[in-house]
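Per-chain residue numbering starts at 1, and chain names A, B, C, D, E and F are given in the order in which the chains are listed.
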Amino acid sequence: MPVCITGIERVEASVVDQFQGAEVATIHEAQGRKGLMASYMRPIYRPAQIAGPAITCQVAPGDNWMLHVAVEQCQPGDVLVVTPTSPCEDGYFGDLLATSLKARGVRGLIIDAGVRDIATLTEMGFPVWSKAVFAQGTVKETLGNVNVPVVCAGALVNAGDLIVADDDGVVVVAREEAAGVHEKAQQRLANEASKRERLASGELGLDIYNMRERLAAEGFRYVSADEA
Amino acid sequence: MPVCITGIERVEASVVDQFQGAEVATIHEAQGRKGLMASYMRPIYRPAQIAGPAITCQVAPGDNWMLHVAVEQCQPGDVLVVTPTSPCEDGYFGDLLATSLKARGVRGLIIDAGVRDIATLTEMGFPVWSKAVFAQGTVKETLGNVNVPVVCAGALVNAGDLIVADDDGVVVVAREEAAGVHEKAQQRLANEASKRERLASGELGLDIYNMRERLAAEGFRYVSADEA
Amino acid sequence: MPVCITGIERVEASVVDQFQGAEVATIHEAQGRKGLMASYMRPIYRPAQIAGPAITCQVAPGDNWMLHVAVEQCQPGDVLVVTPTSPCEDGYFGDLLATSLKARGVRGLIIDAGVRDIATLTEMGFPVWSKAVFAQGTVKETLGNVNVPVVCAGALVNAGDLIVADDDGVVVVAREEAAGVHEKAQQRLANEASKRERLASGELGLDIYNMRERLAAEGFRYVSADEA
Amino acid sequence: MPVCITGIERVEASVVDQFQGAEVATIHEAQGRKGLMASYMRPIYRPAQIAGPAITCQVAPGDNWMLHVAVEQCQPGDVLVVTPTSPCEDGYFGDLLATSLKARGVRGLIIDAGVRDIATLTEMGFPVWSKAVFAQGTVKETLGNVNVPVVCAGALVNAGDLIVADDDGVVVVAREEAAGVHEKAQQRLANEASKRERLASGELGLDIYNMRERLAAEGFRYVSADEA
Amino acid sequence: MPVCITGIERVEASVVDQFQGAEVATIHEAQGRKGLMASYMRPIYRPAQIAGPAITCQVAPGDNWMLHVAVEQCQPGDVLVVTPTSPCEDGYFGDLLATSLKARGVRGLIIDAGVRDIATLTEMGFPVWSKAVFAQGTVKETLGNVNVPVVCAGALVNAGDLIVADDDGVVVVAREEAAGVHEKAQQRLANEASKRERLASGELGLDIYNMRERLAAEGFRYVSADEA
Amino acid sequence: MPVCITGIERVEASVVDQFQGAEVATIHEAQGRKGLMASYMRPIYRPAQIAGPAITCQVAPGDNWMLHVAVEQCQPGDVLVVTPTSPCEDGYFGDLLATSLKARGVRGLIIDAGVRDIATLTEMGFPVWSKAVFAQGTVKETLGNVNVPVVCAGALVNAGDLIVADDDGVVVVAREEAAGVHEKAQQRLANEASKRERLASGELGLDIYNMRERLAAEGFRYVSADEA
């Protein structure tokens, strides 16, 4: 049953380009607040930001054999997404695999498990978002799957989907929705820019968003400390 | 029932000034080891240190509407303290609200929940102590309270109390006790300075604190490895 | 019953020297994957790396009295290993104790509990690996033990054992095994160096490790996305 | 500074009586959703329900000396509330202290730490809500405080406040608010009884609460699976 | 965008019947070890076992409005699966909703959040698998989705999929795979029955599974304690 | 390197007999508060109590191959102690292995990982103390060790050591210390019996333990609520 799906369809390169530098929070909002990985997924160094199509890799607990199969499926610009079949903090990935991925032009690693050699990975400038940092190594005894749909840190990832990661965390954008999400993100950013300017000048959110009336309608009261 | 208390009494500005640069551990000791928030409250960047009167904001889980009400209550030098009514890691706060708070001269944010846009907040130099970093946004549907007493990360905070935060965490000093606590902290620092010097010169704590006798009295024994 | 064992036998200085700069992951592998502390043991700043013989210190929860006894047992190059008898996050250790340890030439602290004054410790360049950062102080009321065997973050540590710590975590090497472990680590590094070069040039782990045959033998299949 | 406050004012006995058998969820709602302890506070056996005035006890980590002081302050019908000054899972309380409390007519224990001898406590029918079950004992070396205000599992408790605990957890009702809260709880229960009957007969919450219109107004859509 | 999908296709009733009494561990194995929810999903009472088609319900944190929409979609024999869009332990569900679901013949609730009124739910015999027990209530302000695909406790659930839950946890079986999984489970059970008999008679797994040869081939050694 | 040590020396049967029915808390105290496993080790059903010599089994994450080797080493009255080399919650153990152990007269299982089939294990009356309940199965691909020293849930266990487990948790008694510990436990129980009687009659711990003087000496004050 273990399998590697080859020749997967990736989110289009021209679309991916538009997401370089994008912020996870913005993308998450722009796509209707879905696809966000759990808050325990943290970057090994900051700042860091990447965007690229997912190669997915499902591994057994404490076993990184499948990572080597996944590496071969990676193309320049890809992001490798690794998830164990049961919760595990082992260090599946270190500087050797990072060297291999870097040689293939891979942009970074997302792993719902542990990573090691983070001092070297930091020097190499190879970004990783992981659940843990742990020197505990893995074996190569049990098969897994490459490019099947996986649930990584609570988010569903299909091979070829767009991954965006930054200091806030990791979000998945479905392949066929990426172009639309980018457009909505742009609108959002434009909208935010004007608001940022108004807020910076001292205007209040209460006024910009017309909240005062709605507060009153819901029975919200202002009471002086003297009377409280 | 939801309410915003206005015109709260703040810890005096001249007292607050004395706490700029103060260390949380020192303040905590000086006030008899109370008022410390839980260890999960961590700064988004380091080093960071702030001190200022608390504006308190109680929010519903996943709902940041009340933050906008709280912003208006903030004066230059204040520290905003936010706590949800049930445990929540959502990103209640990002760069737009930080822009607004910064425009008002607010010194930083303490939030028993999540924060997002931390790359931008770091660039802006707006310090935040939070329970989580999480891109998950919030809605603006449910009312809360501003400047009521809150329990934030296990510590009771009344509006106007003094908040001191640094790389070690966050401590609350009751408004009326702040001046006294500062005095005790100064004594403590003076005492520590002389001890630091002696320790740096190689003298032992065992001697400085006269511990040898008490150890013997309690039956503590030194045994050579050969005889053990 | 509380005791301080004196005159312990330390891993030989010439052997310790060989571990300066060594990586925890490498050492852990070289000694057959044992002696690794739990992944929650994190350095207060990065990068950091130390190696040295362990002085062990078993403390009561919330009580750092024994640390002062332990300090006297420390010699230049030692690493202090502290573990409470029940789980505790209190800040047992701050800048005063660090000043004392630094004056004695101690290389760093490993503590399965909390630490405080981390801004100052970072400035001083005194590295600490801990379970928590917490300003909560401790008392000096209850005895403990120095240089008895302890379990620290899940790893057994005997006084005089070699401690190696870096950005990935902390590993313990039994005193009498240290020389042998170093030798195996060197072989491992040599082996890794050649592999790193091949991987950097684009060769695949699948080929370097001759995995293709074994994958096929275990029934692993490659399936095109069109047929999947 | 350590102190035991004597002669505290308790919530009135006749009011306490009304809360026997009350449900935590109902009381929490009736008092505007405040005073609830964290969800990690779990009963050692089920079912269990108690209500009574709080005797508060603040203890050092790993030190149960103050419990003995607190016992003397307890009167028949009281509930003992214990909280350590820093997070601790030690077993502060076992069958001996339970025997003592039972002899005094105390209704149960609420402890933001560990408990032990739970097999015996279960046989004795002495209910405990705790953060952990842990055989690790404590010492009697460090002073604490009795009947001062404490924060227990995130909730502020003043001595004499009403504690209500059941299988769902623990809630605190301020002494002077207890009578009013009971009245609101009764209204709530009456209201719920009629709703329970309608729901049991198959009527829908959508209709009972008139939600259909509001759903439509907010743009909620029903889409057949065929068209989705 | 919020939506309720109606008229979903359920796993066939005759297939569901075959899963009554089935064990989660067996089903999980029989379908190739996928679809298992996280280990934190625990039943509120034991023993408990259910099987039925999923009605999915995605809710905002701290907001149970959508549960009322979901109830109407439930048919006799269904299992309601609820997941918040961000991590939340609030008590979304209590005895009123249970009364409503029971009136509709719903078999139980799976919720990646909190539940309350568990004493009453236990008396009613309405089984719930949840992440937490928490009396904290919810509001009805924010829309969600019913019968869209959700990730619940790390497992992907489509409306109409088969849910099996017992004392070990919760597993999801894809609608179209349920019949095949049942068949494989039966083979597994038959196989296990014969093994159970042999093991009960004292035969060893080492012999039943022919492990001795493979152990030797991998270099596993038996060493007497005298020589070790 | 993987090995099974045979012919280990067990704590004497006559000594083990004395620990049947013993309480973990009492034993832990009697041996100077060491050897206690972490509080997350919980029994799958209550009440439960066992005592017996340890067979230790070190397993790879997600791999239960070595359990079958360990079973053969078990004799009537033994307790199997299993610990993974890295943190893992997988269900290593279910009703088949329990059937095999029961056939050999094994008293129970202690596992720093997950267990499954707990409904059946409960029916069988085979007690297990575990870190998790999880239906996720394991493979049989990677070797481990049997009867080597292990750290299980933070406690060092040598093969042949005495394990005592009850509703409070699990404690390890070193083989050669077991007889002495039993004697001290008996003294402790005798001492507790007389105290229990006095406490049950209403005498206070403050008087039984002569605490009043020491409290006064340390400056502890009683203050009436009126003056506070």
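Structure notes:
Definition applied: a contact is a pair of C-beta atoms (placed from the backbone, for glycine too) under 8 Å apart; a residue touches a chain by one contact, two chains touch by 3 or more.
All values reported here derive from a predicted model rather than from experimental measurement.
Touching chain C and chain E together: A, B, D, F.
The geometric centre of chain C is 42 Å away from that of chain D, both derived from CA atoms. Inter-chain centre distance (chain B to chain C, centres taken as mean C-alpha positions): 30 Å.
Within chain B, the positions touching two or more other chains are listed as 33, 39, 85, 87, 89, 134, 136. By the contact rule set out at the top, the touching chain pairs are A-B, A-C, A-E, A-F, B-C, B-D, B-E, C-D, C-F, D-E, D-F, E-F. Within the complex, the chain B residues that touch chain A are 2-9, 65, 67-69, 71-72, 89, 91, 94-97, 99-100, 102-104, 114, 116-120, 122, 132-137, 140, 143, 147, 159.
If you check the complex, the residues on chain A that touch chain E are 1, 32-34, 38-39, 85, 87, 149, 151, 154-156.
The part of chain D that touches chain E in the complex is made up of residues 23-25, 28-29, 33, 36, 39, 42, 46-47, 49, 166-169, 171, 192, 195-196, 199-202, 204-206, 209, 211, 215, 218-226, 228. Note for the complex: chain B touches chain E at residues 60-63, 85-90, 134, 136, 139, 141-142.
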